[in-house]
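You will see two complexes here that share chain A, one where it goes with chain B and one where it goes with chain C.
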Partner chain A sequence: MTAASGVRRTLWDRLFLALVAAIYIFLMFPIVLVVVLSLNSGEFLAFPLEGVSLRWFGALFGNQRFLAALIYSVQIAAVATVVNAVFGTLAALYVARFAGRWRDRLRTLMTSPLLIPEILTAIALLFYFYELGIGTRYSLAIQMGHIVITFPYVFLNVSAALFNFDRSQEEAARSLGAGPWMTFRRVTLPAIKPGLITGGLFAFVISFDVFNISLLLKALGHNTMPLELFDYLRFNFDPTAAAVASLSIFVTFGAIFLIDRTVGLRSLRF
Partner chain B sequence: MTETRTGAPVAPQHLRMLWMLAPAFVLLLLFFILPYVSIATMSLREASTRAVHGEGWTVSHYTTALTDAYILTVIGRTVLMGGLVTLLALLLGYPVAYHLAMSRSRWTSLLYVCVLSPLLVGLVVRTFAWMIILSNNGVVNQTLRSLGLIDFPLQLMNTPAGVVIALTHVFLPFVVLPLLGNLQAINPEVSMAARSLGASRLRTFLKVTLPLSLPGLQAGAILVFVLSISAYVTPALLGGVRGRTMSVLIVQYLVDTFRWPAGAALATIMAAVALIAVTLFLLLTARAMRRLP
Partner chain C sequence: MTSLALDRLNKHFGTQHILRDVSIAMAQGEFVSLLGPSGCGKTTTLRCIAGFEQPSSGRILFGDRDVTAALPEKRDIGMVFQSYALFPHMTVAENLDFGLVARKVPPDERRRRREAVLGMVRLQGFEGRYPRELSGGQQQRVALARALVIEPSVLLLDEPLANLDATLRDEMRFFIRELQQRVGITAIYVTHDQAEAMVMSDRIVVMRAGAIAQVGTPRMIYERPASLDVAAFIGRSNTLEARVEAVAGGGGLYVVRAGPSALRAAGPVGLAPGSAVRLLLRPEAVRVDPPDAAPAGGGNHILARIAASVYQGAAIQLVLETPEGARLIADVNGRRAVAPGQTVALGFAPADAWLLPA
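Our next item is the complex of A and B:
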């Protein structure tokens, strides 16, 4: 498919396709491997497989630490998603419509948590919260860290949706007597919904995966899912870890499937 | 956009609507911008064994770090590994981006998912997969041994090599995505014109497509370099002592040995190294970019 249609495939085309296929395999192999190994009925994370079973998923759901971590992660990610859905949408609306010559500078500021290495932000927040006298108590530091780090995903996706939005629809609604709130709810919101859904899902998935922020800012005695897995891997190397990994892979691909079905994958903005 | 229907004296719209920006702005100011000031001040504090930091101010953490042979080795290793990852990611990412940009297949959506998948599957999970592949009893060594190619396992884990392989995998999407946007924006008629004027495909690629995709390559290279020199999870799990990078060292300072001011100085040095490397890279590539239309 690399050449224009009608041109015969040359040896170079075939070599190129083989190279690309090899790179795709390199990309997918580790992920497929984890899923396959999590279904192994044997004791070890190795080939050959002894049989297929869900016993390691059973072990996972019987593990209190992993369950507690799962709940904690979902809480943190849910709060981050809801806060960013509101803050990110408002900010995107302002930057797209009223920012004028400040637009580029504001856009850079709003996306900067994505551009600056996460570990530096984690360190900065650690020092900052200690200076405030709060430290890592009440899960406040970790929650704020997750909100800040996932903010750009909502902002960027809503901004992208606004880019293609024709404002004359809003003016039509206003001239027909709709108030500002009614106009927003019935005209603007439906138009930016795809961006909001994608951005929100991304914020949730990214928050679920964030590691450095959680490592340095976690409240004592509370581990997020990636932290729990990291701790587990340092001392154990059995298929329970693969089951945890598979579960997070299924969640992620479920989210991708959802995005593809509702708004289309090509609408993603990073 | 600032005229009003009533004509009454009202503040311009961009000021009246500022409340929309306020929540996000306050959030980033309080929990993103101000915290960065804390790194700078912390790095200039005296060390203390009884509190987070001592009373006085000092630059000794910087001078110590920049004259310590071990820390300099770690800095050098981190930059070298980052450079290698960037190079490998560009070499592997370009064919994929090129293929995706040219693809008219209905499977393109699926291929997108393949490309994005390392990005979307948690960092720890990805690194864990590489542990299974690279360990002494891992997939690579088992395969090589059953083929009779080796008698003793290759040491892939706890070396810089393992970290470089895993980081290349993790950051490949960051090369493909900017390049893809760039390649899709190139007018296909330009390369068709070159072909119809008798240029070979290789020549068309080298003289037309490659130069036009330099901005995408540049963006991808910077992203991957900055991400890989600041990565923590992968070097922490796969690198061992021989593959220890700056991030791992910094976290050790902060969490294990509780030397916050010295750790803050190291973090600042890491940011400075990234900034210097990116600036040098931009200066070096500026000449190639200037020849673009």
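Our next item is the complex of A and C:
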């Protein structure tokens, strides 16, 4: 009996393992493929590889348009991340502590950029900035768009961290003689730090990746990385595109590696 | 010397009246428990003292300093929370240093005080541990140490033993009490556990529905409760309906009639002859005598039939019924044979019975 159930369990274990493996392969294969293709020495974005070389990365870094787009994207994403780190945290603190009976409605409102189709948010902001007479002459419109779109990620992650936080820790700090600022800095902030970092990372990556918002709101004469890549692929089909994609993947892995080294991925668990 | 005084604290929350004229004066070094069921206002009172809640009216005095409007960080209190509220991202040493840093105590002094207080709670060598690496009892002691290291003028404890298992809880009661006496600090202890309040406190404040029901030493609260509510909340008790027949002397001694028996019992001064009262009798104060025996010197006898007996090892708990239908509980010596169905005489001394206005 015991032996039979033991056998059955290993069988299920193996099937489950196979299923998980299949899902991972399905998810990871395109990413690996893109990286492999970016190393192709041939002229086209296709298999089989004609040889292995870094020439397309060279082409990428020699391409002024891609470099400018990369810098522009990083700038927009960095500003959106920093702004949301501050306002997303403040909003989460307010909703968790002071909103009272408005809490649920406010929370829905704060997360609405996730629920409303991105293209609608983009159109609304476009009208709004034209109405203001600013339009897309500057980067203000696209920057606001990215801030709005990525705001819920910081808000939600910090809210989750606050939800699990025992507030008597703050009271303990106050009873020990710490004022509100010292209490926030030394007790509350460390407690929500994992949420803040996860939310910030999400905000950065989403901002880096977002397309519709950027397409409608980008400032004249500027392109973000995804827009530039799209433009490029319309007329070219060489592995530079794969090199661009690989670069994005490396940036993401780099960010994860950095977080693991600084705060540790384990602290990001909920 | 009064170390802490609450002067007619009231607290309203919407239409609810959470605290009603709560006044307490505590001497330096006194250990006072706020005892009562949940929702009685004991925690709100403590939080008002700590400064986490503002009373709607009334004053809070630390010595002669009025702190009613002061922020918590300006009050000079040490507080131990039910959840301990240790800072999880800080080591034991950092937790202890927190209050000292807030008070700008120099590093040398910090280390000296930290070591002294860790010695007191028997946690030397634990400076580098994180709270999650400690057992519940150890975390509790760190929380105590963190509250004491700042040498506050008052120590506030909010059900600090509620999350510990029974054995550890018994141990910690004596530990906290002993530590409090050694340090000589005034302490206020919130609990719903009457046994805890009994063994730890100099005085107990029994609270009910936002008001103080009685203030007194554990002995007074137990033996001379101010009301039936207090009596019911503290320990088990029997109550018999009775009527005052005569005042039997100055110091609050009365003759009362309960059913056919004339009984002598202690009571508060000023009960009028003829008034209806309840006679309160603790189960362990009752003696079981043969039905035809004469009551021992000045004592009382009530005849009752044994309805049930429950063997409890050290004692036997008897459930008795008087001919009038009142049910009484008596704890008697476990080695005596008493059979259900038997009629016995329940004996008790007048001082062991306590009368309360019905």
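Note that the second predicted complex is superposed on the first by the 231 of 270 C-alpha atoms of A that agree within 3 Å, B and C clash if a C-alpha of one lies under 4 Å from a C-alpha of the other, contacts with A are read in each partner's own complex, and residues count from 1 in each chain.
Convention: contacts are C-beta pairs under 8 Å (C-beta built on N, C-alpha and C of every residue); 3 or more make two chains touch, one makes a residue touch a chain.
The shown structure was predicted, so the numbers you read here are calculated from the model rather than taken from an experiment.
Enquirer: Touch test for A:L162: chain B only (first), chain C only (second), both, or neither?
Expert: In the superposition, A:L162 contacts neither chain B nor chain C.
Enquirer: Taking the superposition on A as described, I'd like to know which of chain B and chain C A:G177 touches: first, second, both or neither.
Expert: Touch status of A:G177: second partner only.
Enquirer: Which partner does A:A69 reach: the first (chain B), the second (chain C), both, or neither?
Expert: neither
Enquirer: Look at A:R186 in the shared chain and tell me whether it touches chain B only, chain C only, both, or neither; answer first, second, both or neither.
Expert: After superposition on chain A, A:R186 lies in contact with chain C alone.
Enquirer: When the two structures are overlaid on chain A, which partner does A:L217 contact: first (chain B), second (chain C), both, or neither?
Expert: In the superposition, A:L217 touches no partner, neither chain B nor chain C.
Enquirer: Contact-wise, after the overlay, does A:I259 reach chain B, chain C, both or neither (first, second, both, neither)?
Expert: It touches nothing on chain B or chain C.
Enquirer: Give one of first, second, both or neither to describe whether A:I147 is in contact with chain B, with chain C, with both, or with none.
Expert: The answer is first: A:I147 touches chain B but not chain C.
Enquirer: Going by the contact rule stated at the top, is it chain B or chain C that touches a larger number of residues on chain A?
Expert: For chain A, the partner with the higher number of touched residues is B.
Enquirer: Can you list the residues on chain A that touch chain C in the complex?
Expert: For this pair, the touching residues of chain A are 166, 168-169, 171-179, 182, 186-187, 190-191.
Enquirer: Could you pull out which chain C residues touch chain A in their complex?
Expert: These residues of chain C touch chain A: 50-52, 71-73, 75-79, 81-83, 85-89, 98-99, 102-103, 146-147, 150, 156.
Enquirer: In their complex, what parts of chain A are in touch with chain B?
Expert: 1-2, 4, 12, 16-17, 19-20, 23-24, 26-31, 33-34, 37, 45-47, 86-88, 90-91, 93-95, 97-100, 106, 109-110, 112-113, 117-121, 123-128, 130-131, 144-145, 147-148, 151, 155, 205, 208-209, 211-212, 215-216, 225-226, 229-230, 233-234, 237, 241-242, 244-245, 248-249, 252-253, 255-256, 260, 265-266, 268, 270
Enquirer: Along chain B, where are the residues that touch chain A in the complex?
Expert: 1, 13-14, 17-18, 20-21, 23-25, 27-28, 31-32, 34-36, 38-39, 42, 52, 92, 95-96, 98-99, 102-105, 109, 111-118, 120-126, 128-133, 137-139, 142, 169, 172, 177, 192, 201, 226-227, 230, 232-233, 237, 247, 250-251, 254-255, 260, 263-264, 267, 270-271, 274
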